[in-house]
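Think of it as A, B and C in the order they're written, each chain with its own count starting at 1.
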């Protein structure tokens, strides 16, 4: 194959690639921003002063923070248990942790209604206790927890497996207890993966639509999160407001993707340097 | 701190459903305070397993480990007074050298933890001790292997342990650095009055640095003793093989004219008196312990080269072409080219069924 | 008693924290995964097997399942050539802007599905930028099955790319060069050298994209039109049944979706292993 023809094929290939990316990914992104700014930036900004929009943002932020805290804490515990010890039932636990990723968001919402809905197992009891779960914030939290369940463990586990437990053993012999080992040695050494997992959890928690839609009851100003509010606005032909809120979420997604690509590079460098610092001395 | 190990046994389930593996087979060992002990043996002998058991890193099925007279399992790690240096140092990559060294002090419970100034002073002291006073702010990945090794030592010493455990600590260093670092470790041991336990697969390193060698094989301690004892009275042929080059001669012990004598199977090797029961035996000795006696046989030697001031000689044991050829070392110039010689192997340790029968006196 | 159970699972590891971390993990998995999925598995039988059978043989249910499976498969298939082209560029060439392209690929993973949904519906709607072009050509995308396929292509594309790309990256370039030197034609190189190791990756990507497509909801419902019997997807039917308080019907459809996606991911795992072994043997021979 001659040099010029291979150069030509590179051009054709990259042209095709950018063509696909342009139509499939960039065009939709551009559309979000242009639709949001169709009536000018002030109209777009004004849509956020609507009380229902503010409540949606508030609810989303609270739900996201709670989900990230709970799933990060438990996810770190799981990554520790699964990577630092070998025990019976370990692979079953890993499978169970991975499971929620392959479950339809609608089903992820439905399961909570089966437990806490009007006809659910414990729906009546919770209502009588004055603590409604379905069509209320606790239900939204449960649905969000379910869909963001595996991300922290998934990103931490491979790295922690690869690093092995020698650092933890060294810290233990120097007198560190469990929390000291975890916070001073294990998590700092896996910080890029941890951050990446937290980012994924945050993005998914803020943007979850299907699961939350099923459990929330869609009450504007009460149980609507940002994605649900987008649906309400869109179906009410408030296009500018819908796309303004969509812009917020899209920006959040873009920041996540960019940060993760930077993190990946960071952790790649860290990894290679820690490998050289470990085995190949001199 | 003294260490007493009493019939320690560790078994692990076999991989892929295979039979159970015995990593330590009832090991007993007594290490006096202040000794520098080397655990030596081929890989898989159980050295590292034993070291990790003493540190409390691994569990065992039966037996006892007493450190300073106290049962180990009753003590939390920080009260064991054990410093451990890992094979690849296990330095914390995200901490500076100074933070690595002070880690053991920083994680002490609030009541026992020294003040920040005291910790700083201690770190300075240790940096001076390891002769790296300027490197406190560096990260492990920025310094050389030899330097990392010393930082790992300083980290282990920061909490003033009286027992220092070293797991193949010099394995990753190049030969020149290795020799220097181990001499320095030995001087540190003497200066600080430590009890040290070193795992190595390198017998020369062990002979160089340790007072007492513990030779291990297949999860058992084969022999314990100082370098001289192991050299002169190796309990098994394995110990003799492990500690250096050997040359073997098979033969049998017989009563000849009222004296028990070792009769070699090969020609041109002189019998020598040996006071042991009759039967098959094997004489094993170092290449430099064989002497050539001119005019007493038909073996021939020629010079191959020189090593450490000794001549390397190739010796053909019989006149015929098919005879065995061995390499020996000799300090005597007149050995260099001899035709018609016989070999004196009376310096040999003689083994039967791999166990020592008799070693030459003196 | 609990410590006795833990003790049996793992006897006396000196590294602290096993009891705590294991306990937290089991509690977490138990409450958030096992409990709800148990409810899902038990609920359809609550009203008897007959009710479930009736719910599943209902014509509208069958139509929605057919739509879902057909569209998910079509989208995953159409994504294969697009995904392979992009993966090839990313893995094999340093084209202008390849780092940005690499980051953009993951966008569909991160963009909320509702945002995707309204965006695609607007873009391909009758008055949208691309919708107008298709209308001129006499084609309707929005509110038809074609719209569903399009939305599923958007969310599924990264799965194909991210499955294929590492394989292409690890494929030694010198194998192709060697084949060229041995006189192989470009088409022979592709079919004999490049495709065999690529196949498991493509199958994996297809399976992942298909499984995701079956369950997808937010990005589809805005563009689908949601006409019962025609462009109603199964996840939407779950929601409709729930709104009708028909829990048995909703759960039956949900269970079908769940089992299909598990089966699909299980099959991907098995197929991948088998194909990897086959190509491994080929290489060895």
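Keep in mind that, in the parts below, a contact is a pair of C-beta atoms (placed from the backbone, for glycine too) under 8 Å apart; a residue touches a chain by one contact, two chains touch by 3 or more.
Since this is a predicted model, take the numbers as computed values, not measurements.
Common neighbours of chain B and chain C, listed by label, are A. When each chain is reduced to the mean of its CA atoms, the one lying nearest the mean of all protein CA atoms is A. One simple way to say how far apart two chains are is to compare their mean CA positions; for chain A and chain B this gives 54 Å. Averaged C-alpha coordinates give centres for chain A and chain C that are 17 Å from one another. Shared interface positions of chain C, i.e. residues touching 2 or more other chains, are given as 13-14. Touching two or more other chains at once are residues 169, 172, 177 of chain A.
In chain B, the residues that reach two or more other chains under the touch definition are 56-57, 77. Within the complex formed with chain B, the chain C residues making contact are 11-14. Every residue of chain A that touches chain B in the complex is listed here, in rising order: 166-167, 169-177, 180, 184-185, 188-189, 191, 270, 273-274, 276-282. Contact residues of chain B toward chain A in the complex are 55-57, 76-78, 82-84, 86, 88-95, 103-104, 106-108, 140-141, 144-146, 148-149, 155-156, 158-159, 172-174, 177. Residues of chain B touching chain C in their complex: 56-59, 77. Those residues of chain A that touch chain C in the shared complex are 1, 10, 13-14, 16-18, 20-21, 23-29, 31-32, 35, 73-74, 77-78, 80-82, 84-89, 93, 96-97, 99-100, 102-107, 110-115, 117-121, 142, 145-146, 149, 165, 168-169, 172, 177-178, 181-182, 200, 203, 206-210, 213-214, 226-228, 230-231, 234, 239, 242-243, 246, 249-250, 253-254, 256-258, 260-261.
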